């Protein structure tokens, strides 16, 4: 790369710095805006064809569905931001759901908070294993988590041995937690929001979070900047695992029926939500807000198709198309932004 | 250094290098597992079971061949199982609409090639990461398969074809489909290891830039590899459909993981540039025969999941560890004797 | 990077197309209709052997159960009955199966069972055709094949244990729906997979029943498919209620579907407004019957299906029956059974469960 | 002005990479408030010194002393903690993060609940930029910044960390004149605030303009450290080159034949503009100029690995298709590229595969390669070049730099080129091999090959070339024949000054 020749228009450009900054922000935020617009269009079309789509019950159902996917997507976003990927989340969700289900069946008195913590702990342990293998084994995340996807699911099947935990075996308090609301908002949604806000704030406003972005943006520069890349990698996988574990508890509370197959194939939806939400697969950019919006969009599409009586089979094709669209659009936007940023180099004042 | 000592040294170095070579190790492990299974598992060694084993590994083996080349160039194709499913669904749908099977089969192969070309376009022309692209087409193609055929199944494919796929070569106990596997394995093996294209595949995977400086066209190469990958997945879809005499949209779901596992198990580096086809064949065989033997021993499917996962991680971890050990040994040697 | 992939691509691909066209052009090709008349080459073992009603039941028979998938509570109850029967028959019981309800993985298990030289395979087919070649291979190897739960093609099994006559189940489903809807209104069906043999034949009977004048006021608005997957059924129930605001009854002729639908309704605003009925397991449904979501549902005793299948298999292997119509055999505590047309053996009429009687059942 | 006690002392440090001794017993002192130039030819060991200061390499022998206390810099974090900031030729920023964040990474100002105070962070960056007298928008992402701006960000980073030693490794290589001026202004203000500045550059006018003292290195050894005012530029050049010429570079006299390579109006704005020249059979033409003057880009464009905006390349009368290395190869052009490890060789592949890669089609029989053809050919060519290796199947990465270069040469000579382009053919290889490479080039020219050589090493240029083309800032600025080409004339043409000798 070489320097651009000196520009004659520098004097003209400087005074407009403020407006340019806001327009730049707009470009960068366009990604999330795009999802919101798509979402709005989708809801509008569906609601026009069937107004009951906007009924309280329907919205609640969508939000409940989103809650679980969003928690997973937030965890996945953290890992993807560090230029890694975690394909084991579906299996971890299953293991956690079954662990918590079994515990609650055997100890009906267990408080919900403890169940949540146990689920997160189980998931966190799985995530830490992923992280250690990625960091110290020097094995790419894709391979490690593909392997643990198999292993964790296998362990769950071994343990479950074909048994299913039914709603009537779970304590009523726990099932209530899956459906009850606080100020009209379901607890599951509140938990998802809490996770989203905390992770979002940490990633945006704490040194730790910024270091994760830095690692993903340029691993080499991160090492030169003295960031302990290894510890952060393990941490990111730990968070993704813990959130998958938490999602497992939410899953158990919402569906009431848990078997060893819980969450099979979720990883695809989660990765889709993250990618659609504008988190770049090569790390360093995107936000958990986008990932959560992606989760909301995917869930809403599923519900809309049912309401619009469009063949459910289209759903997966649409998800696939959305992924391609999202990465294609990201590439385009990136090229645009790069071009506009290049034009605006610095100038001696 | 005289020529003689150089040769002698090179032999010992070659031997250790060969022992440390995962590719050879996996072949050895496969042979050992086959021997142990034949000796200890009842009915493992029967010719009928061999036939079942071959039929079970057929789709994985086929798809693993082009996947090997794709991974050696440093890319990946996760959409293969969905391509297989879409090929199967289209086959069923065309059969239902009374098309002759002789038209359907080439059309399904063509479809596979086109689906591969779509992947290739996104990866090479638009320059998008192959992992994300093929996760997208994984969902897209599978979704289209359901759109084409819904949840239904189409059966009654002509017995001549289904019997051929499940049958043996006349007068032997060698399954017919083993011919397909063998022919394609030889073709891909020769292309990868004994043609200019193969040399380019390795060069691109190890260093795209250096390959470009040597006159290789990485984009074009990768594009065609994706086309071939789709083509073979389409073929696998046809064979899958004929084997079960059942065209379904969910045929082969999840197969991509088994294929990637087998390829990596076979010693192919996920970073590209390294790998060999015999190792991949051994990897496929190892996975399939473990599955078969465990099932015959009444070990549950779950155990196999765990074994697959562990093997997958170990297959990448072990060479890394071996390299680290070898590296430290070499460094020590470097310090004591300065070569040249 | 720019390369002219269009032209380069066109050459080989169009070659394929041309070849295929050429193939089609000469000879007309093999189409579905041209093969429709072809007889399937089923082994004719059933016809050749002669049934000996007095042959003693063999002991030590190896009887293997291959349900649609493991980890399904209904299946667990079914094969549990089978295990009891195999014990009574002093045989060797085995249970194998995939974790996903896919036909292809069942085939691998059938192949394994052939290798293990089982005497009887009791199978619930995920796809009536896909398992056929393997089942016929098993029968060639002298293994008797009894289908239960979900039939395989007639040409590749020796007998089928039908839980109840198709007609009987269809009628009773419509009867329950009509009672719950008060004789008129919209009803919907939440089925298993679209190609599930049982469910489809029941739904067919339901449709003929609904066409009768006495049911004219009942309107079947939609048949949804939950794929016997808990979550999918849950979401589908949700979709039904959203799409059809005037829905009165959801009929779910599958245990997974009825449980999922009940669970959704019991925790939603629809509770008390929409009735659920269908075929369910008392243990899974107890909660919803007690909280009033579900008034009544029906089922045969699934354990008896597995039980009967074991005796039928043993009778087949011992030569008491061959699967031909009219043959009789005794099935332990269930008493005497007669083989019907196409090798079908009907278990008996289903039981209706309500809040009044549900506590008497434990399965 | 230098204070009494040195801030940092480099004491007799040595570092070897395999067989190559990059730095041998180098010592010098750095004082607070001084700008200290480190000069030497390519491969003299400057960058190795920089990497030791950055905590990337550990010296094999010798010590570093900070304020008289020996310190160990095992990781970049250690160097950072010790107050040493390094600005590389290619800056290491996080492209996705904002400029302010890049500057503050790890030291972001914190507000309530230990959250990052963005306003303060941006203000901090603004203040730093004001102090440096530049205007870069602190909230914009670092992606898309020009190299010059990235370097300014790096300097701001060093400033914000209160670095006491700031090392700048060829920061001006890719900068325009205006940008260099601005950088210098910033560097002076850093120095005036008491930091010790290490400045590495090939441009003497920059050394004289910025620095108080200069340390000259040659072949990994320390030559001298003096006040800049006490040594003339000529003297510096002499000390840098410091060896007898002549015997090392035996260019045979050849009567040039027909024009083989003809380049006309070659342009890729703004990297190079309107470059035209010819090379005849049997001629060695050197393309000289400073690093970053566009020489490598020109030859890569000729070979077709880089695109071009305008211009034509003709080889033996045949016009080459742009951006197609295959077309160039088919016409008989071979390029031994500048970066051996990234461009010249596929490091993970074996020696034989590397040697035969461009010819795999030619070596195949009916499209198949059995391996024996390749081995025979690889053996023949590596032996011709006297390459030392264990086995042909060994990874090429296991060889020493000189032997790696021989593999690259073997690879291309085997294609029997009409035009051989060599870019920095002897960079980072030992003296013995260097001579062999030179002999080889000379005999190739004698056989009628047209040779185009890019080199930063003046002795090599002067010893080998029949004609010297000099590039400056993307343009061809001088053409000197053998008689007129001297170290001074080339150097001054490259730097845009009149010869003063």
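Each chain gets a letter, A, B, C and D, in the order it is written, and its residues are counted from 1.
Keep this in mind: contacts are C-beta pairs under 8 Å (C-beta built on N, C-alpha and C of every residue); 3 or more make two chains touch, one makes a residue touch a chain.
The structure displayed is predicted, hence computed values, not measured ones.
**Student:** When every step has to jump to a touching chain, what is the lowest number of steps that links subunit C to subunit D?
**Tutor:** Contact-graph shortest path, subunit C to subunit D, evaluates to 2.
**Student:** Mind listing the chains that sit against subunit B and also against subunit D?
**Tutor:** Both subunit B and subunit D are touched by A, going by the contact rule given at the top.
**Student:** Sort the other chains by how far their Cα centres are from that of subunit C and give me the top one.
**Tutor:** When every chain centre is compared against subunit C, the largest gap points to D.
**Student:** Compute the distance, rounded to whole Å, between the mean C-alpha positions of subunit A and subunit D.
**Tutor:** Taking the mean C-alpha position of each chain, the two centres sit 44 Å apart.
**Student:** For subunit B and subunit C, let me know how many angstrom lie between their CA-based centres, rounded off.
**Tutor:** Roughly 35 Å, centre to centre.
**Student:** Taking the mean of the CA coordinates per chain, how far is subunit A from subunit C in Å?
**Tutor:** 38
**Student:** Counting only Cα atoms for the centres, state how far subunit A is from subunit B in Å.
**Tutor:** So the centre of subunit A lies 31 Å away from the centre of subunit B.
**Student:** Quick one: which residues in subunit B touch 2 or more of the other chains?
**Tutor:** As it turns out, subunit B has residues touching two or more other chains at 127, 150-151, 217, 301-302.
**Student:** Of all the residues in subunit A, which ones touch at least 2 other chains?
**Tutor:** 157, 260
**Student:** Give the residues of subunit C touching no fewer than two other chains, as numbers and ranges.
**Tutor:** 99
**Student:** Pull out all the chain pairs that touch, please.
**Tutor:** So the chains that touch one another pair up as A-B, A-C, A-D, B-C, B-D.
**Student:** Show which residues of subunit B lie in contact with subunit D when the two form their complex.
**Tutor:** Spelled out, the residues of subunit B in touch with subunit D are 1, 6, 9-10, 13-14, 190, 194-196, 198-200, 202-203, 206-207, 209-217, 273-274, 334, 338-340.
**Student:** Over in the complex, which subunit A residues touch subunit B? Could you list them?
**Tutor:** Residues of subunit A touching subunit B: 85, 133, 137-140, 142-144, 146-155, 157-158, 260, 265, 268, 271-272, 275, 281-282, 311, 313-324, 327-328, 331.
**Student:** Give every residue of subunit D touching subunit B within the complex, in rising order.
**Tutor:** Those residues of subunit D that touch subunit B are 18-19, 303, 305, 325-326, 329, 335, 337, 342-349, 353, 356-358, 360-361, 364, 367-371, 388, 390-391, 393-394, 400, 402-403, 411.
**Student:** So in the complex, which bits of subunit A are touching subunit D?
**Tutor:** 1-6, 14, 17, 20-21, 24, 28, 201, 205-207, 210-211, 213-214, 216-218, 220-227, 284-285, 337-338, 340-342, 344-349
**Student:** Taking the touch rule as given, give the residues of subunit C at its contact with subunit B in the complex, in rising order.
**Tutor:** 1, 3, 5, 9, 12-13, 16-17, 19-21, 23-24, 27-33, 35-36, 38, 40-41, 94, 96, 98-99, 102-105, 107-109, 111-112, 114-117, 127-130, 132-133, 193-195, 225, 227
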